[in-house]
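Chain IDs A, B, C and D follow the sequence of writing; residue 1 opens each chain.
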Amino acid sequence: MATSYFADIEPIKFEGIDSTNPLAYRYYDKNRVVMGKTMAEHLRMAVCYWHTFCWDGFDVFGAGTFNRPWHGGPIDQARADHKLDEAFEFFTRLGLPYFCFHDVDVMAHAETIDEHVRNFAVIVDKIEAKMAATGVKLLWGTANMFSHPRYMGGASTNPDPDVFRFAATQVRHCIEATHRLGGANYVLWGGREGYDCLLNTDLKQEKAQFGRFLQMVVEHKHKIGFKGDILIEPKPHEPTKHQYDFDVETIYGFLLANGLEKEVKMNIEANHATLSGHSFEHEIASAINLGIFGSIDMNRGDPQNGWDTDQFPNDIREITTAMYYILKNGGFQNGGNNFDAKVRRQSIDAADLFHGHIGGIDILARSLLNAAAMIEGGELDAVVTERYAGWQSADAQAMLSGASNLEAISDAAVAAKIDPKPRSGKQEYVENIVSRYI
Amino acid sequence: MATSYFADIEPIKFEGIDSTNPLAYRYYDKNRVVMGKTMAEHLRMAVCYWHTFCWDGFDVFGAGTFNRPWHGGPIDQARADHKLDEAFEFFTRLGLPYFCFHDVDVMAHAETIDEHVRNFAVIVDKIEAKMAATGVKLLWGTANMFSHPRYMGGASTNPDPDVFRFAATQVRHCIEATHRLGGANYVLWGGREGYDCLLNTDLKQEKAQFGRFLQMVVEHKHKIGFKGDILIEPKPHEPTKHQYDFDVETIYGFLLANGLEKEVKMNIEANHATLSGHSFEHEIASAINLGIFGSIDMNRGDPQNGWDTDQFPNDIREITTAMYYILKNGGFQNGGNNFDAKVRRQSIDAADLFHGHIGGIDILARSLLNAAAMIEGGELDAVVTERYAGWQSADAQAMLSGASNLEAISDAAVAAKIDPKPRSGKQEYVENIVSRYI
Amino acid sequence: MATSYFADIEPIKFEGIDSTNPLAYRYYDKNRVVMGKTMAEHLRMAVCYWHTFCWDGFDVFGAGTFNRPWHGGPIDQARADHKLDEAFEFFTRLGLPYFCFHDVDVMAHAETIDEHVRNFAVIVDKIEAKMAATGVKLLWGTANMFSHPRYMGGASTNPDPDVFRFAATQVRHCIEATHRLGGANYVLWGGREGYDCLLNTDLKQEKAQFGRFLQMVVEHKHKIGFKGDILIEPKPHEPTKHQYDFDVETIYGFLLANGLEKEVKMNIEANHATLSGHSFEHEIASAINLGIFGSIDMNRGDPQNGWDTDQFPNDIREITTAMYYILKNGGFQNGGNNFDAKVRRQSIDAADLFHGHIGGIDILARSLLNAAAMIEGGELDAVVTERYAGWQSADAQAMLSGASNLEAISDAAVAAKIDPKPRSGKQEYVENIVSRYI
Amino acid sequence: MATSYFADIEPIKFEGIDSTNPLAYRYYDKNRVVMGKTMAEHLRMAVCYWHTFCWDGFDVFGAGTFNRPWHGGPIDQARADHKLDEAFEFFTRLGLPYFCFHDVDVMAHAETIDEHVRNFAVIVDKIEAKMAATGVKLLWGTANMFSHPRYMGGASTNPDPDVFRFAATQVRHCIEATHRLGGANYVLWGGREGYDCLLNTDLKQEKAQFGRFLQMVVEHKHKIGFKGDILIEPKPHEPTKHQYDFDVETIYGFLLANGLEKEVKMNIEANHATLSGHSFEHEIASAINLGIFGSIDMNRGDPQNGWDTDQFPNDIREITTAMYYILKNGGFQNGGNNFDAKVRRQSIDAADLFHGHIGGIDILARSLLNAAAMIEGGELDAVVTERYAGWQSADAQAMLSGASNLEAISDAAVAAKIDPKPRSGKQEYVENIVSRYI
């Protein structure tokens, strides 16, 4: 690579909130300490390989618009190498500590299963070298088991067991590569693990396949000594009509049914949350409550459009609330914030890739500061504690412990002629508290 | 009751598909035998008390329009009795075997907890007499724990333990009444078991309350010897922003987490299914697959409006498909089809109540015939069986049984140079099969 | 009225952004001058009578929860007077310059048409006295033509011409009262001007009725010398399946078809905008572009719930963008920001009414400051100007002026072998500009 | 072309409703006369070129799956010719009278504007010959002004006037070709005529461009003597965030504002209707009411998925109602039913293309029969006529004619003490009427 595609962009620096430089951080000061950790340690932000380096700007209605130097032809090894060089140029100029990838994002195109294994191995060596040279780390790896036509009817849930075998092969090699590259997590996103048509589908069979597949992934993780988390990323639909990983609670039931609730955590994407009829913070709070919170795919959807737009986040209220729940739960362990976000199809300049990421990074940094202040302020906690205070009594606790029963409770209630009076839920008050911290 | 409000309407009869009498059945011939059972036995249809006898036509934007003789003042015992008389007039004129009720639908209004118990007991005696006199049976009972202001923040999930106690009292007496009246099931619908605002909510606490409450209901059922099913009715939201019983799979996870997956089944409402982002048949097929299918709240929503419109069903394709899954699963056991449906606010005549029900009943009867023919035709089963045939091999079965692992599968796949070829999913073909049976 | 229901709440004061007093303004400093006008003059904020004083907290699933002293019985003159006293207590404590009302919000309940006219006249006198005593002004009046059962099938669009006549009577008296009270505008909200069922509806007839009705309203306005604007408030549906005033562009076509495009403007509600599949700012920008922007019903919906939740606004980005378009257009003329918003059903305390409004008021004030800074900064304007600069050439202008034609343009284009190259739309850059001002 | 890709499929024949042959028509008997015209004349059905011959099964998440013989490489003249041969093989085997195309669907790929004109001219000659040889006719032509990167920011609404010129060139040549080929209509679908981001968009400028463009298209139509209709196809969004042709009423306002309401009609797509928050029949009835109904893009969406799935129609109730409104309006004039529908990505066999179309064709044929019977039955008309009968009185007509005013109407209403009583809207009754005809 003679001159980088990104050569005109200087490394992005923190300049403070008074800066009007669009290519600088106003909030993200990576070494600034907040509640005992640096911003970088808190946020653990990652660039995703697919949207930023693989997608060429095509959509269902039109051809690619980006024309990056590595676009425009079959992905042979030279093109894969070129893309890798530029990816690490971008990572380092942006100054984020992590990246994420699918196997097929990084490797030269393979026609056969053995070529897949070989080509992937080639690029993993090169990734390792790049990581060593730059210090950029891997937040997670994943296998793409939805783009190739063989996966049109699902991967582990395919009616053809050979497709299940192919998927097993990809995951086995991808999780081993992730382990070798020091990845903090390994992710499975459903892709086409769902159905387009219920009438031709054996739901029970497909879920049995999916369950056993996931168990084998967990078994293999332990076998190879991978210490990171196995993560599933919920999504309700698209490309399928219905995806088995619909939302956090659906997956929780699935994990329980397969004995995996201690082994698998959630990679929650903002846009997938809203597509499933939930707020982003709902999915986060639910996963935390169920003990399966893992990592975040940070982006946003368009509330007026019904598909996965994967835009960069810019809603300070939404992200502040998300960070509040995460921070109250002790922050990220292995997880982090992966920008599963793409610039718009009309944003064709190299600079646009920076604008997208900088906007998202600064929203996250500002949200972290807001969330820390909210925790320190303590007003929200006070409302919640006071609201449920009645449950602290011994008699109330007994109702929850299994020590009581319907008959005893009802007899006592009638005898006492209880007449509970409504108390204000103070919703507008707590919403104003959040507004104050933004 | 001198003359019934429904006196002008003759009992509805089956007249066959050539009838143009709007007050006759064209498909529902209750004694017609289909696949070994009568239509009445298959469909187990019920009128709901609330929409048909309690609702006066009000909505958020305007006052009641119906002006039934028993509307218009406080529900004292005389009005409750009047309503009961007319309800059984309606049931018998319509000719359905079942009805369903909430405690507060049937009883005189009570100001206090002890008055609640007394007033409910009074009406249960009268209901029992009416049932004996008419032969109409109870499909299920349920307690209304969402209309009174005390329940504004939830019932079992309320921040105030006294509200939990009040709810326990209502459920205890309502399940005992249901048992005494020979009810086939007992239902819990979430109502306000959810949250309006995540910020003032302790998710973990509320779900713990809900879980223990449900366990106590199951314990009490066994204690009193009630043999019917305990059913939960999923709904994603409305009136709350988020309801804990979001959909079938969410509840399944909750049941597993509370050890109740063998004790509690689903009462699936069509309109709630579509509000949660699922098709009606998806929710049915999912519940069947998970072993928790129970009963149906039969109605329809408006695909262009985002709230629970509870209209009478009229989509022959949707209901045929729903009945197909139910019938393939052996049909209803304790469950049935409760019309949780209301005539529109402008449908103010007594005859409109019949039109609504007759339309729904005939759609169900016609769907039953269609579904039976589809099962007998067998084309759909053949497609599914053939599609998954590859999984019958010993090697494929071993992948599911736990006898294999990721490494072995991937090594064998690479060695065999597998190259699975896509096969058509035949979606349009199977959709046309359904069209043929409609 | 001995002691006001709001007696415990001191008048709300501006305390600045460092205040943590939940009953103070942090941004709304009514006399602060921004771009040549005070905040009060810019924002022209109003309290709505219906949600704040009439609604008792009921919803479709449950009874009222608020129990204000004037709730709980028929609205006779004494109750109407009590409500009026408390309403002006609230207005003055809150310190907003305006209020809005429906005729039936303020008056004693009337059984007949002549009683309606009389009771309304009685309260208008009293309102006039209150306004004089307090200095509170009327942003707009409107007639409620949707709550009474007579309007179940629409008002001006009703199949019964007598309902049209009743509606004409209400509007005539309400617009005259609005004129007398110095109201700045008169609003028509569709209510039930739409259909529940297309099959029983004569679309052409109903729209002809609606068109003529609106023309008569405009004629009457001129006859009585009312100088305010006549406003229509778009809403896509709810309570009807389809409302004729679906959105801004639908109404624009209707105005053109009835020769009213210079006579009628839009009252745009945020929650109605999002229910119709548009962003709030889209509806504002569209109305401005079409020359029919009038006023705002300021609130927010719940992006996960599909009905009109009418919550107080709290999205700083959305409201900043809205204010940006309004301010760029010269700000409000007769219009203003009416809080068509209600506290949640669990927010039962008098203080909650203040929290709701204070949160909304401060979001608006902060948005005004943001929007003014964005205009002064000028970055967004610069992007737009540069993006369309090519259209300034004489040749390009000729294409728009009617001086050219398809054949000439295409011949010239082929001859010149034009090959237009995509230029970046810079979406992320402009989104980051907005983030900087928030 | 040695052997056709479709060689194994015999021409599809009508076999009647008892046929179980999946490759036969059960309802579509093209020469059967219904209300004075043959089914073929009534339905005027067309195959679309794009979904059936151009799309290779790719989606945003994965590569093409179809592998038709003419797929897989650049579309040079030989591939374009091959595709054309197969298209007419399909048309004739299916037995439909019409097809539709975009310019770029049929032609060899062009790099430059002059090559575009040349390559298009080449294929138009060949299409003409094929039409002559087979008797297949053109329902409409259209220009694709959204797939090429030059159109990423719109065609006529592009910020770059050269893109406007390029679009003008395509449309001029495409409308001339449509005229020469005897096309019955010419369609404009918005494609990217809208915005992705309001902040960088000059709404007023873009709509002025769009308006003048459309005027020039109409002027050119008259100049060349094209007698068909100019049609616009509404769509609310996708690929853009907001499309200017949002829905029928939005376009109507735009036509009025540009003096085109007598010149341009609507091409209504079922899936676009539902994406815009309307029912399909609503959009049809609205266009008929406004006098701008033209043609239909027949397909269906997925009510649980928020993007344009373009599936083949299969809802007998929806299509019956749609045909009812069209037939009551006298049926199609120049318009017809274009199947803007695609088989699913897993439906990779040649036979699947037939299954998709056959299912859609038979639903349409059956709906035609149902609709004709509904009209002949007359029950719906009777309800509507009776419901609005009050408006026939002279006094009521005077209110609509402009002869009256608000003051006179209200004075008379009060004097007469009118007290209009609600009458039932009979919604369930009329819905049951429809059920009877299905």
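Following the convention adopted for this analysis, contacts are C-beta pairs under 8 Å (C-beta built on N, C-alpha and C of every residue); 3 or more make two chains touch, one makes a residue touch a chain.
Listed by chain with UniProt protein names: A, B, C, D = Xylose isomerase.
Keep in mind that what you see is a predicted model, and the values were worked out from it rather than measured.
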{"item": "Third chains touching both chain C and chain B", "value": "A, D"}
{"item": "Approximate Å spacing (C-alpha centroids) for the pair chain A, chain C", "value": "39"}
{"item": "Inter-chain centre distance, chain A versus chain B - centres from mean C-alpha coordinates, in Å", "value": "36"}
{"item": "Set of chain A residues in contact with two or more other chains", "value": "65, 149, 152-153, 196-197, 237, 242, 277-279, 304, 344, 346, 348, 422-423, 425-427, 431, 433-434"}
{"item": "Chain contact topology (line, ring, star, complete or other)", "value": "complete"}
{"item": "Complex contact set, residues of chain D against chain C", "value": "112-114, 117, 149-150, 152-153, 158-166, 168-169, 171-173, 196-205, 207-209, 212, 215-217, 219-220, 223, 236-237, 242, 246-247, 249-250, 252-254, 256-257, 276-279, 281-282, 285-286, 289, 321, 380, 383-384, 387-388, 390-391, 393, 395-396, 399-402, 404-407, 409-410, 412-414, 417-423, 425-427, 430-431, 433-434"}
{"item": "Chain A-touching residues of chain C, taken from the complex the two chains share", "value": "20, 22, 26, 65, 274, 277-279, 303-304, 312, 314-317, 343-344, 346-349, 351-352, 355-356, 358-359, 362-363, 422-429, 431-436, 438"}
{"item": "Chain C partner contacts - residues on chain B that touch it in the complex", "value": "57, 59-65, 146-149, 151-153, 191-192, 196-197, 237-239, 241-242, 275, 302, 304-307, 344-346, 348"}
